[in-house]
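Right, one structure below, let's go through it.
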Amino acid sequence: MLAGRMKDIYIADLAGFDEGRAFDSFFLVLTKQQRTTKSNKPYLNLVLGDKTGQIEARVWEPGDPRIAREFDRGDIVKVRGSFSRYEDRAQVKVDQLRKAASGEADKLDMLPATARDVDALWAQLMGSIESLANANLKQLLTALLADTELAKAYREAPAARQLHHAWLGGLLEHVVSLLGLADRVAAHYPLLDRDLLVTGVILHDIGKVRELEWDTGFDYTVEGVLLGHIQIGVDLVEKTIAGLPGFPERLRTLVLHMILSHHGKLEFGSPKLPMIPEALALNFIDDLDAKMMAVQQAFEKASREGKAADELTDKVWALDQRQLLSTKEWLKAGNRE
Amino acid sequence: MLAGRMKDIYIADLAGFDEGRAFDSFFLVLTKQQRTTKSNKPYLNLVLGDKTGQIEARVWEPGDPRIAREFDRGDIVKVRGSFSRYEDRAQVKVDQLRKAASGEADKLDMLPATARDVDALWAQLMGSIESLANANLKQLLTALLADTELAKAYREAPAARQLHHAWLGGLLEHVVSLLGLADRVAAHYPLLDRDLLVTGVILHDIGKVRELEWDTGFDYTVEGVLLGHIQIGVDLVEKTIAGLPGFPERLRTLVLHMILSHHGKLEFGSPKLPMIPEALALNFIDDLDAKMMAVQQAFEKASREGKAADELTDKVWALDQRQLLSTKEWLKAGNRE
Amino acid sequence: MLAGRMKDIYIADLAGFDEGRAFDSFFLVLTKQQRTTKSNKPYLNLVLGDKTGQIEARVWEPGDPRIAREFDRGDIVKVRGSFSRYEDRAQVKVDQLRKAASGEADKLDMLPATARDVDALWAQLMGSIESLANANLKQLLTALLADTELAKAYREAPAARQLHHAWLGGLLEHVVSLLGLADRVAAHYPLLDRDLLVTGVILHDIGKVRELEWDTGFDYTVEGVLLGHIQIGVDLVEKTIAGLPGFPERLRTLVLHMILSHHGKLEFGSPKLPMIPEALALNFIDDLDAKMMAVQQAFEKASREGKAADELTDKVWALDQRQLLSTKEWLKAGNRE
Amino acid sequence: MLAGRMKDIYIADLAGFDEGRAFDSFFLVLTKQQRTTKSNKPYLNLVLGDKTGQIEARVWEPGDPRIAREFDRGDIVKVRGSFSRYEDRAQVKVDQLRKAASGEADKLDMLPATARDVDALWAQLMGSIESLANANLKQLLTALLADTELAKAYREAPAARQLHHAWLGGLLEHVVSLLGLADRVAAHYPLLDRDLLVTGVILHDIGKVRELEWDTGFDYTVEGVLLGHIQIGVDLVEKTIAGLPGFPERLRTLVLHMILSHHGKLEFGSPKLPMIPEALALNFIDDLDAKMMAVQQAFEKASREGKAADELTDKVWALDQRQLLSTKEWLKAGNRE
Amino acid sequence: MLAGRMKDIYIADLAGFDEGRAFDSFFLVLTKQQRTTKSNKPYLNLVLGDKTGQIEARVWEPGDPRIAREFDRGDIVKVRGSFSRYEDRAQVKVDQLRKAASGEADKLDMLPATARDVDALWAQLMGSIESLANANLKQLLTALLADTELAKAYREAPAARQLHHAWLGGLLEHVVSLLGLADRVAAHYPLLDRDLLVTGVILHDIGKVRELEWDTGFDYTVEGVLLGHIQIGVDLVEKTIAGLPGFPERLRTLVLHMILSHHGKLEFGSPKLPMIPEALALNFIDDLDAKMMAVQQAFEKASREGKAADELTDKVWALDQRQLLSTKEWLKAGNRE
Amino acid sequence: MLAGRMKDIYIADLAGFDEGRAFDSFFLVLTKQQRTTKSNKPYLNLVLGDKTGQIEARVWEPGDPRIAREFDRGDIVKVRGSFSRYEDRAQVKVDQLRKAASGEADKLDMLPATARDVDALWAQLMGSIESLANANLKQLLTALLADTELAKAYREAPAARQLHHAWLGGLLEHVVSLLGLADRVAAHYPLLDRDLLVTGVILHDIGKVRELEWDTGFDYTVEGVLLGHIQIGVDLVEKTIAGLPGFPERLRTLVLHMILSHHGKLEFGSPKLPMIPEALALNFIDDLDAKMMAVQQAFEKASREGKAADELTDKVWALDQRQLLSTKEWLKAGNRE
């Protein structure tokens, strides 16, 4: 049987392998289907993932004793197999497979995750809370994140299923970037109540901890689909405030309004338009940060795919299907001409 | 000074008065403004209302001892004055004015109110709750309406500020009409869970008790403008459920989804589209009932304004500015030709 | 040669067959194409259908004397063949094929058809006409459906090519459901002229008998594409009324308006918005019934495809690509947890 | 009493009159209302029109024996009165008024009318019909316009209530302009069937003869509002074709499609998009001709209102509220600088 | 005749005047019309403006020798008159009027103007140009603003005719605010080329110097209406670059793209969407700054109009007709309760 | 090695070839990619094009000395190979390949090109310029096209990458068709300044000479994507006018407005709506001509694909996905029935 070893081969590495080369490593099972060949022989079709990507895998002999009987979508498994290509598509032929023992492999290795240091990001978030002058808002945020399960989820959650920051820790990474931007913008416009803006930044997407689930890839929960992260976030805040006697009624209304209106338009799912300066500013910086990240990702993807520095990217879904051009690369390439 | 008497003259009656005829009655002060004449003499410009309409009034001698010093928007006042017309516009010239003593006049006489018997409507609502087979839903509705202040507001609230059912008791009248329609539709489609649909009907607009205020005419509260009745209603239900241990989590999600999605489209302020059959049905019957009421009102208005039975109405705001035709009147008029 | 036998094997049954199992049955030819293999050998590629679905079929030896020379799209054929799978796609290998003799197979077996008893549905429709108090409307409907060819088409027509009620008898099934709903809604709103509403229900889609054709699958006729079922229906009614001396001019206008406006919006192909209460109500119940049927079909499809009771369905085309959840199944599954 | 005389004073002439100058002339009564003065004295408020415009008029002594008792909206009346201004608004003070005797005044003098010779326009229309090579289309048009009442209405009808060609004879003037344009465009694109295009031009707006009424100003009929000129036009053609045995079924479909699709978009009230080249061309030239006329009218209005030659016009309603500039006038003014 | 004196009475002061009080001051003539009274006497109707507002004025005796014969829209005039009110509308009765001699009055006093020090703003702009590392961009901006007429116009131009920053110096004030914001945002996103962003900020609205004219109130030029400030700005830049040999072709394309795309959407008049990160950022900060200024103005207007600190503002045109709430005022008022 | 021979085999011819038949001919390399087989053997995947279409090609032995080492996208190559089919897709197996010597093959043979005589089209364009009465406009056009590089590009450019007139010479063909149409329309509407309209026709799309590039298939340039042909065209005209002293300023504004507004709507990329009659007319005829060409192409495609004369075409992308019907073919087919 396969011995337990720490993961040292990632899916991104396989692209460089020769046809047929054997290896073993841990993966997350993303899908598992029973199928039959043309000659009616049953086999298993799997999709395996880790933090660098995903790949199809085939178990041609599911009855082999070296293949575990009991494993399912969401399990981490140890696989021994070899690499092949079918019609330009990479594939793993699985020879041995067993479930990972508890502690043998790290869940964070199994899904795409932020490249940033999560503890450092978290410390920045805590620092922002600490910096608030408004005692009520500081108390609200402190009380909310005192729930350790919620805090853990906040550290882990992706910011989206597919678009920007779609990786573990993405929510936190996005929020911390926004905190920096919010401080800059609040300093520029004296009209803005900086504490309320910071509070809005920290709370606007908090409902994503229950709207999304990231045990087996990134997906929406049924509750998430039926209620949405705006409503879930509002409820988390309402219930926390209910436990804070003396929290000013007007401040409660403003905080909730920040969450409700942060998508900026009814047709984007906000039931209210921003009607206070801080809500208006939050909507702008949230949108700008998401788009700057989408731009960054589009350039990285183009570079990974070997596009010339002075080509336009493919059409970017998160930016209304427009193509983008990297100013810096294009100018640099122009200078070389 | 003016003696207290029950209101027996209504604004709608004044249209029939001769120029200059004197009268006295109770009214609600809807607006009060200081103005000056061309010759720089100060006077008061008022708008007075009662349940049959509203009318402008002028106090040409605000210093006269028979005119109360202290009264404001929202007060009920006893007025002695006379009726006049200025450029085809009816007006009251006020000779005496004092604040009504408590109990002297009935608030319900001062704003437009349902023509239906509110106690009977309330009994129908209670009967619907009683009829529910699902014990959890029955418990939820019972607990919520056990709050007497809330129940009182539910009985009084208009259904809207301006469009359909914009009168005291309008919310209740609309809900009771919907309960009848919901029973008919649920009986037609076995797919529908009748109890969930009925619950949705009773709760969908409950947030209007705080979104609107009707002390001095109908208006939105600041909280109502910033949060909206959908969010307010969801919060009322969330907090009631929080007090009901054992309320099934999934049922809670569905009830909340009914409220969140009942406007049917994002651009109408629902952050979620209806995704369960009952939410879809609720959106349809709510919309149909509001539109049928708008049709009815348009016909009544046309008839009040002396339109011929076979003319089209004016453009109806609540129906995308289209004109309407009364089938029955038009055919009847055709038969007479 | 193949002997004639009644159809006892349906396409839906084939899914359960072992690879290679032989069978014979009648099918409708939905498409027929000449192709060549890589090695340049000609073969026939067919799509065969019956009321349970459709399947690809290959005739590898089109020159074989057991394969009829003369057959075409739209013919019913008797096929002897065997079942196979190619890349998970079911396929029939055809060994023998001949055209069905007249009377050998029932056309109604060859296309998806209503599960309801068409005679019973028709009787309900006739009962509704019988129930009308308005003699002119009763006369109009009776005269129109006295045309036996039209009546036959009304019984057979699908309600749509693809969306809701896309099966033989679908139009009638949809209309009969609407008649029940119309009676309930008319009883709820005294404002409505029940006879006009019922007439609108029966006539609103009657133009589909010429807009669609269902000889070889469901498709639009050229006339249907150029004129549309609204215009075709209006013309059928106009010409019937032209043969009814004394039919009131105003009633004619209202009936035509019901048909013209039933899609409710210009951008949905209605050249006029509903402007009478009955047209408004017809638009609502027509839309609701179509959507409730789409919901029902989505749940049935999910169940056929083995989705868990508490999963969301796939995105539903007829409901703006939203996903749906079956209230009853989800709650049931929740109770089992 | 007023003697009968031919109309020699027009509303447009009054602008030049001195305050108080007396005159008499024939006018069409466009509205008639009973009112009372502030001092409660009854008077009549009229709007009088003729082909050059309209003006308000007051009858201060409706009981005077020189004022006819019996007259109404739609009547032509002989008025003796004097001219005055009230807050910059012109007004007629009426001293005597009687109904015109039959034949005393010409209806065509009473409403805005084309400046073109209607007989000449009609001859051009007839010439176009005569020029058709397709015998069926020629027969259809000839049969339709053989109905003398219809032909009379076709000669009189405005093309619209308010926008382009809103004057008597406007429909005919618009159609004749289109016939010229159609011939030019058909000559340019050999793909086009000129006869079908010409037929479409003549028939596309024919339903306006019943959609509009022009007895007392320009207005929509109830039938027009409920059915629309597209449907009315289609019905006129359908019934004419029904009386032409042997008219080719396909040609009928194409002619009807031309009418149905001529607005070019669903949201403009066409239930079908143009799907044949002639329908596409008709939509373009119809739209272009209406817009060129709107441009022309905007320039004429600006010139009437004394705008400088090189100013932009006011916002033009028929052109999405854009402002226009007269190329020729602007360049000319530039040359003078 | 009126002696020359510096302006010491402003239109905003008149509101506090008693009826009939005499005064004299300088004003800009915004409109001048010949009119006649009811009794046919000619008079002049003027609109006079200065930097604090505008007011109607009447010259009842235009033939009086103390009234100048020759003056026109756009002239600065010295007026002696008295203040009155007509139907609550303030008005000036003019007794004497003469054209101001050159130098007697300051044009900047006559139109609303920025409250900021224009020289200081200009110095900030120059400082930003000085700070650029990219020599080509620095050269471009320097060359462009070396045109003294253009530089003068840049200092004077309003940023809009009506919406945000609609006052003299508004363009410069808006640009300087953006420069501060751009530096903050560029520091936050290393992806951004700060020099290109700063250049875009300075150039994006430069075409407004010819799109608008501000001699007699704020209006569009004909060229501005036909070409728009985007095209005018692009042309200014193109022609400046044409005079800079060796300016890199790619950099030219990027600078032009910044201007072309800064409205962010085709329907807002940008012929191109932002496709480089700097253009995306420019669109966001430009929009945010305009909206923050609109918010500020709405709060100032509400405060001027005496709205309570905790009321919503009127609907704000520049923010899709939404109402706004001042966070700080509302919370403060809440604390006082 | 392959000897040089004129191209006599076109891609369109290959469809009729037997499997495996050898041939040699010149082609343009449209794409070139390195790939590996499943067994890890490298090969080249090419797309080859000529004026009749494009086809995939495989070089299985890229190391073979008969295969050139150095060739790239955009090169014309001489290929010897054989024809095959893989899953119904045509393919060329390449045995020998070398770059074409200069002059050996005609570039115009390599891309789809107009069927019209380019010299004759150009003469028509020159004739239109010659016919202008306005000396300034004639001078402008003459000066612009005196640039031989620009004139060459104008003759070669396609009118679009994909939609209408997407072939070499397509721009010129489209413009010449428009010139004919413009003359007809200008003759019909005396309001129009024919010279300005003609100038607009010639200049409206001139920016496409730099927006598109057609060396290796049709594609957008980066400048084209960032600036667009409207801006590029305006710049060409601005700079030409800058070299024509005395060109009237107003005429310049009008010419530029014609180019800027010719797409007719902001959302189609025109930053200004047409505001002069000539711009309005240009927008209409440009749109009509493009659509008539799309109709023509759709009919030709349907006929090439063997559609029956009386079928509807496939959905046409350039016409909002609608299907089209050929009037003439459908009627002809109807007559045969």
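Chains: A, B, C, D, E and F, in written order; residue numbering restarts at 1 for each.
As a convention for this text, a contact is a pair of C-beta atoms (placed from the backbone, for glycine too) under 8 Å apart; a residue touches a chain by one contact, two chains touch by 3 or more.
Bear in mind the structure is a predicted one, so any value in this text is a computation, not a measurement.
Counted as hops between touching chains, the shortest connection from subunit B to subunit F is 2.
The chains that touch both subunit A and subunit C are B, F.
Note on interfaces A-E and A-F: more C-beta pairs are in contact across A-E. Of the chain pairs listed in A-B, A-C or B-C, the one whose interface repeats that of C-F (more than half of its contact pairs identical by residue number) is A-C. Taking shared numbers over all numbers used, the subunit A to subunit B interface scores over half, which places it in the same class. Our note on geometry: subunit B versus subunit D, Cα centroid distance of 44 Å, whole angstroms. Rounded to whole angstrom, the centroid-to-centroid distance between subunit C and subunit D, based on C-alpha atoms, equals 46 Å. In subunit D, the residues that reach two or more other chains under the touch definition are 222, 225-226, 254, 275-276, 312, 323, 325, 330. The chain pairs satisfying the stated touch condition come to A-B, A-C, A-E, A-F, B-C, B-D, B-E, C-D, C-F, D-E, D-F, E-F.
Residues of subunit B that touch subunit C in their complex: 177, 180-181, 184-185, 187-189, 191, 193, 196, 248-251, 254, 273, 275-278, 280-281, 284, 287-288, 291-292, 295-296, 299, 312, 320, 322-328, 330-331, 334-335. The touching residues of subunit C, counted against subunit F in their complex, run 35-36, 38-40, 222, 225-226. Subunit C meets subunit A in the complex at residues 18-19, 84-88, 310-312, 323, 325, 330. Contact residues on subunit C toward subunit D in their complex (touch as defined above): 222-223, 225-228, 230-231, 234-235, 238-239, 242, 253-254, 256-257, 260, 266-272, 275-276.
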